[in-house]
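My structure is below; once you've seen it, I'll send some questions.
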Amino acid sequence: MNKKAAEKEVQATDAAQEKIVNDFSMVIATVNGSGSQTANLALIRAVFRMGVPVSGKNLFPSNIKGMPTYFTVRANKDGFTARREKMEILIGMNPETFDEDLNDLVEGGVCFYPDQFKVPGTRDDVIFYPVPVKQIIKEQNPPRKLVNYMRNMVYVGVVSEMLGIEIREIRKALETHFKGREKSIELNMQIVDASALWASENLVKADKYVVERDHQTEGMIMLDGNTAGALGTIFGGVSFVAWYPITPGSSLAEALQSNLPRLRKDEKTGKQTYAIIQAEDELAAIGMIVGAGWAGARAMTTTSGPGLALMAEFAGLAYYTEIPIVIWDVQRMGPSTGLPTRTSQGDILFTRFLGHGDTQQIMLIPGNIEECFEFGWRSFDIAERLQAPIYVLSDLDLGMNLWMSKPFDYPDQPMDRGKVLTAEDLDKIDEFARYRDVDGDGIPYRTLPGTDHPKAAYFLRGSGHNEQALYSERPEDYEANLERLGLKYETAREYMPKPVIKETDGATIGMIAYGSVDPAVNEALSRLAAQGVKIDYLRIRAVPFTDEVYEFIHKYDRIYVVEMNTQGQMHMLLRLDVPDQATKLIPLTHNNGLPMSAHWVTEAVLELEGGNDGQ
Amino acid sequence: MNKKAAEKEVQATDAAQEKIVNDFSMVIATVNGSGSQTANLALIRAVFRMGVPVSGKNLFPSNIKGMPTYFTVRANKDGFTARREKMEILIGMNPETFDEDLNDLVEGGVCFYPDQFKVPGTRDDVIFYPVPVKQIIKEQNPPRKLVNYMRNMVYVGVVSEMLGIEIREIRKALETHFKGREKSIELNMQIVDASALWASENLVKADKYVVERDHQTEGMIMLDGNTAGALGTIFGGVSFVAWYPITPGSSLAEALQSNLPRLRKDEKTGKQTYAIIQAEDELAAIGMIVGAGWAGARAMTTTSGPGLALMAEFAGLAYYTEIPIVIWDVQRMGPSTGLPTRTSQGDILFTRFLGHGDTQQIMLIPGNIEECFEFGWRSFDIAERLQAPIYVLSDLDLGMNLWMSKPFDYPDQPMDRGKVLTAEDLDKIDEFARYRDVDGDGIPYRTLPGTDHPKAAYFLRGSGHNEQALYSERPEDYEANLERLGLKYETAREYMPKPVIKETDGATIGMIAYGSVDPAVNEALSRLAAQGVKIDYLRIRAVPFTDEVYEFIHKYDRIYVVEMNTQGQMHMLLRLDVPDQATKLIPLTHNNGLPMSAHWVTEAVLELEGGNDGQ
Amino acid sequence: MDNKAGDKQVKPKVPNEIGLIKADYRGRPSTLCQGCGHNSISSQIVAALYELSIPPERIIKMSGIGCSSKSPTYILSRSFGFNSLHGRMPTVTTGAVMVNHSLKAIGISGDGDTASIGFSHFKNVVRRNVPMVYIVENNGVYGLTKGQFSATADKGLELKGVGVNPFMPIDICMEALISGAGFVARSFAGDPHQVKELLKAAIHFQGTAVLDIISPCVTFDNREGSSKSYRWGRSRKEPLHDITWVPRREEIQVELQPGEVLDVAMHDGSHIKFKKLAHDYDPTDRMSALKLLEESCNRGVLVTGLLYINEETPPLDETENLVDLPLVQLSEDALRPSKETLDAFIERYR
Amino acid sequence: MDNKAGDKQVKPKVPNEIGLIKADYRGRPSTLCQGCGHNSISSQIVAALYELSIPPERIIKMSGIGCSSKSPTYILSRSFGFNSLHGRMPTVTTGAVMVNHSLKAIGISGDGDTASIGFSHFKNVVRRNVPMVYIVENNGVYGLTKGQFSATADKGLELKGVGVNPFMPIDICMEALISGAGFVARSFAGDPHQVKELLKAAIHFQGTAVLDIISPCVTFDNREGSSKSYRWGRSRKEPLHDITWVPRREEIQVELQPGEVLDVAMHDGSHIKFKKLAHDYDPTDRMSALKLLEESCNRGVLVTGLLYINEETPPLDETENLVDLPLVQLSEDALRPSKETLDAFIERYR
């Protein structure tokens, strides 16, 4: 809407005067590989630093360049950060999808777009701001090879001006981004300033959306879950990483690759206190960490569904030979290759039973980036304590998108290296038997290769073994071992992170969810409460379950289990554990590659409980 | 017992006169690699051909030579062929295990042994027949390199004589074994005859066990389940096999390798109407059959647990891209490498969820060798009809042991090649969409590579696709596809073999089992009935379940689910499907590598129902 | 590009011998980066098949996962295709061609796909001599997962955010040679003519024809000094010969000076003509090929051309003694023996 | 066996330099077939380590699955061992030695384990130069699964119940060479002296030392005409040289005629002496090694000895620039940065 034309209209519409403060989803529609990341990060960082709760989600194709990509900034004064199905603000930079993109704008929504695009007649309920991107670029004349990339800075300037995002926060965001590289900062700011100026001179605000300074994010940090996980891992004392690239597991390894040298070089020698190896495939990756875990290191890998599938045989070996390792499965959409750049929670069942022949695997499931950090270090304590592979099931939404968090808590306990016998320990005992249940908790003692004691050695094998780790095909030995493993699985419950429970007065309905659907559920619960539907909420953080989970289930008339997969996988695991409560558990599953929305959860519940959601 | 000493005793013990006819387990304890197979087969064949129901089980170590091996012949006039925990007759040829082996003899049992062994004083309730193996061999003087092997023929002769196994049936059995090679037959028979003669002259029957001619096996055949499966596969029109050696999956491929040339060479040219490839690993094996299945062939592989684990990624691909293939998983003891030569039913859950991200795999579970044959051919019909990977879950006991059967029925229907569109078909339709649900049953139409029509081609991928098989990341496309796959899984139930149900008047208890535990369950049920515990029995033959299974569960107060794994895997799958009946399902699991025994099942039930088993 | 004898240039709109125009060989629009080497190779596959007048229905396009493995989408819409799993293309191709040997398989893979996760399958498909064209679009990086080193990356190469590669690169051609390949070529995506002629010859080879084509990744590794960059390819390229594939019936038309040309006949009667360039090279000697590769690696040059050809080893369908009719076309009669056969056969288990 | 200079023969009951007798290096009784080549190799491993006076606690025995992979059970009861998964021994070994480079890994594998299912891992462990001794007990068959062909079986070999092998064998040594191995030896289980000396040298090599040892399977493939049989090994064996490993301090005692001996120094100061036999062979030239292998395959002979040695490539722990202390011995202080570090570091995400 250009200034002249708008001025009149503005006076006419009072509606435009009702401001909507710090509450919108803004979608930036670009083309993959067009270099919009700096611009998008500048916008979200600026809003975040103005004290407004935000989240940032990148919806990108499995492709390097040229396909439609969306970055969504959700700002919400109430702290809700889940995906929304609609948006209030569209920055439409992709001509291919422009018409379609408009469909998802709410009534009264806003659209910024390059003025050479033709606006289709479909949305007369939307406020359009054409922006002369080409012209501004031409006037500012940035270095030729940066022209395409600078187009993104135009919308940063215009949108900031129109929404009230402070330009100095944009500058600070760019300073962070360019780590103080002055020339880059100035070049970008030149476009931002010019564009903001153009907007102030030529556009009249006709929409309701504004950003105003707040204090809710003070002291907080913003990053993606994979980086958080990598940092947690580093503070967990990881010393061996083997991995094979795969989206969305890769960026966790890459965050290790870039941060380990910063945090874990030996100060005197500059040498590494860790090794990180890009393996030839996932079979090798897990094989290497199995070797390292056996030898006594804190070892981990990171992967995603297809890679996890390739790890199945080793997963069984690690389970059965009781080797501590940590496997991050950053879940993506399946089955099969699926959608490598879309999120899902579809690996729950597969992981639980990973490996042929009666395995019972242990999973930690972070629900936010703080927990990515925490489970990053804690998973090693648990793995070494239980002498078992631990699977950390994150997902693409949590792992690759931007989330706010309070600064991470430093580990609140020293490392638990579990039951390891040293040479001195061996001196004190009569006999060492690798697979004997000395303490009655199903967890045996182990020695580490190289332990300099004649009693120390044992020969590890995935086949039949007795307590002394000697080869045995005796039925009694086999049964005893499997029984002990069963007991160990029970013991594991003690070490699992407890669920997070949120209770409301008078609720007779329960809801169970886990992982990255947490923000959507939280938001949905508040909407449902507003409609008089009171629901208590339990967020699972580990399998096997702890008592709290069973108790929770017993308390309610019915319990909705919300998850992002097709079969209702956690629902199935719960059902198996509480047969007498099985019919009370109602699956609510949604699985289309997009993060869960509060709207969907609300609607799904209301459909069953009566009522409907506004969105 | 030598003749002189015995004569008196015989008169003394009247007990010895009460014959026990056609009812014993005879265990031949030897050393792996000692060449006892010919001898053992001669014995079991002879009994079988005398009309007595038998089964033969080989309990062998994961080793080539030198470790203890047991061959058990169970003869039973009532047709019960399950493993027994005790034996009546021991042929103790292994000095290493001799003392221990004696422990498993019943009171009044019989032991044949080489006279140089020292009998420990532990079993004075057992009748011992020392046999001068060395001396007989020395007298007969067989070719030097056959000496060791011929020692086995000594016990054939002696035992036959003492039990009343007809020597001419031994001869016939050897004729079969040596396929008419006269010299071998004569050499062996020379030892057998001499040994029988020695026995008749020197031993006095002091035990009760005899074999008498009967007519129960007339017209029947005897073979192992893997050979039966291979034959079924061949009559199912298999045209492509890829495999990687692994016990106990190998012998199915090897039976194909030896029988395909006999049955499936082109008569005119002598060329092969099939290809069989030993792949570089299991990933390659399944990859090859996926390629072949896509191209339109009936393709299969055979493996066991560790191999199945390696197939997980391809299993997901085949599921999601809807390629008909058949995978035999001859189950062995897990987890991990486990006991490669011991049996289990531990891959049920792993197979059901094989592949990351919401797969729902289909399993056929043969319970006897007739069904190994039948599912051998039928699996292809089902795979092509459903355009899905079909897992045939056999196990080591069924696959590698000897079972009686009536001759296999020829397939009762022509091959079902499923929904394949030819060039002519394509002429008649407007549009071909590979993943469209035209018939409302979730099963789309496919075309085969090479179909000479411009509309025929499509590009198959494991990633997102729409109905036209074009790449798509659209949430709607993905959801629609997963929904159709869910519908197809429902459709699959129609094509599944129905369970086998055995009802008794007035039973209020049900029992569910599957696969190779069938003989033990049948025998247990008859024992339980004798104790007044009436139980109806349903044997599952496929997953997903058909209506009969659900109906059965609803009918009883409680249902025991008997299986050979640790977690109660089928029990879990059932529970998931009938949440309102979940508490009625009681798992009875036993998993130690040995085939299930009727005694164990009976005891387990009686412990819960009251009473106890005699064995 | 000069118009050589046997280089059957056809104008795109002119129908070829089977009445198809070039567009009939095209695929969907590429979604790879502009300038990606893989796109040039796709164009040459389209051109070669068009010029060879092969019905697209007789081709199957096979791939694994990667940017390279996406390229079958951008060629031959009228051919069936199979975008399989990362590294497993050789396995699915083996199965497909064994059950339908009337199809010609073109496998397109990447260096990650072939030289890491799928290495053993690559080596085995070559060893078995599965009839197929095996193209490696070799860029030294994992394109699709955003630029990690692949096993063919140069030792010492530094990539942004990844670090320095400390390992010696795997040489795809050497590996193929050692595994007994009968057709081993190296080329460069920036040399379309050579790529096309090699493709034509490869398609007419009866076993596994391996083409290791350096195919720059403009997004992650086209930097100065990388042996997988356009600049390196253009400046360090040393073609061994000027190669031309000549169909059977055109043989007569080829006129080249004797002595300058080596002629290798193929099993189907077509020929490959090698016109001598700088040095004398005998593409029928395996050891020379190995030595050449070692040497060119030491000298830091990119030798291109058909390094080795030898058609002695039978392709796998022959080794397996398959009936002439593709297995997928056999009728129920041929696949299922009769009831009488079953009844008679079962006798051995009495 | 003649008592050669540097061949440190110690009587079994006599304590070695660290006070252990030979029995301290033994394992559990073998359960392999009598006469199996693998058993002879086991004996030589025991002998070599005993004679080298290496503390068994410093050794880790690594294997995959197969008869060969069982053999670690039959040696070194006082060493830790890991009988892993079929084909995956190289991967677990990589992990183990990277986190504890004070251990010496001895990997024992079979031809099935290494040249089929684990092929890619084998190639990669060599490429990365993981410090370890990699022994392939090569019998051309899958012993443990009862006699199927492995990828190293001779072309044309016929086995009972299996048929005729139509494929060319994989040559483990060639593969190792191509992958950049710095220590490549071939030997024969029937030549205990050579096996032992090669083992001693291999243990002192700083990277991956590959020993391809022909080890007859008496049960499934010891038949006349098989290149993996005892008879073939004995009659067609052509040792390249008489090899002796000489510890640092004994150097002086070795007296051999100059000209007849090639001496190669190793990084730790020990030496390998090659005494010339029939022909002149230079074990430091990779191309000669390849040529020799090609040629000996054509001639149908079994060349044995150290085919290639080159210690230039750093072992993986060096490449990765690890601290001197094994990673598993690092204290919590070294592994977990301080709270202050965390608080400061996290600032970058504000």
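As written, the chains take the letters A, B, C and D, and residue 1 is the first residue of each chain.
Criterion: a residue touches a chain if its C-beta (ideal position, glycine included) is under 8 Å from a C-beta of that chain, and two chains touch if they have at least 3 such contacts.
The shown structure was predicted, so the numbers you read here are calculated from the model rather than taken from an experiment.
Judged by contacting C-beta pairs, the busier of the interfaces B-D and B-C is B-C.
Distance between Cα centroids is largest for the pairing of chain D with A.
Between the Cα centres of chain A and chain C there is a gap of 40 Å.
A straight line joining the Cα centres of chain B and chain C is 45 Å long.
Taken residue by residue, chain A touches two or more other chains at 62, 280-281, 306, 313, 317, 337, 461-463, whereas all remaining positions touch fewer. Shared interface positions of chain C, defined as residues touching 2 or more other chains, are 85, 116-117, 119-120, 124, 128, 151.
Chain C makes touch with chain B in their complex at residues 28, 55-58, 60-62, 72-73, 77-85, 88, 90-100, 102-103, 120-121, 124, 128, 317, 320-324, 326-328, 330, 332, 334-337, 339, 341-343, 345-346, 348-350.
Across the complex, chain B meets chain D through its residues 33, 62-67, 244-247, 250, 254, 257-258, 278, 280-282, 306, 337.
Touching chain C in their complex are the following residues of chain B: 49, 176, 220-223, 227, 231, 234-240, 242, 262-264, 266, 269, 271-277, 279-281, 283-299, 313-314, 317, 377, 407-408, 410-411, 414-415, 447-454, 456-463, 470-471.
On the chain D side of its complex with chain C, the touching residues are 116-117, 119-120, 123-124, 127-128, 151, 166-168, 170-171, 174-175, 178-180, 286-287, 290-291, 294, 313, 319. Listing the residues of chain D that touch chain B in their complex gives 31-34, 65, 67, 85-87, 112, 116-117, 119, 142-146, 148-149, 151, 161-163, 219.
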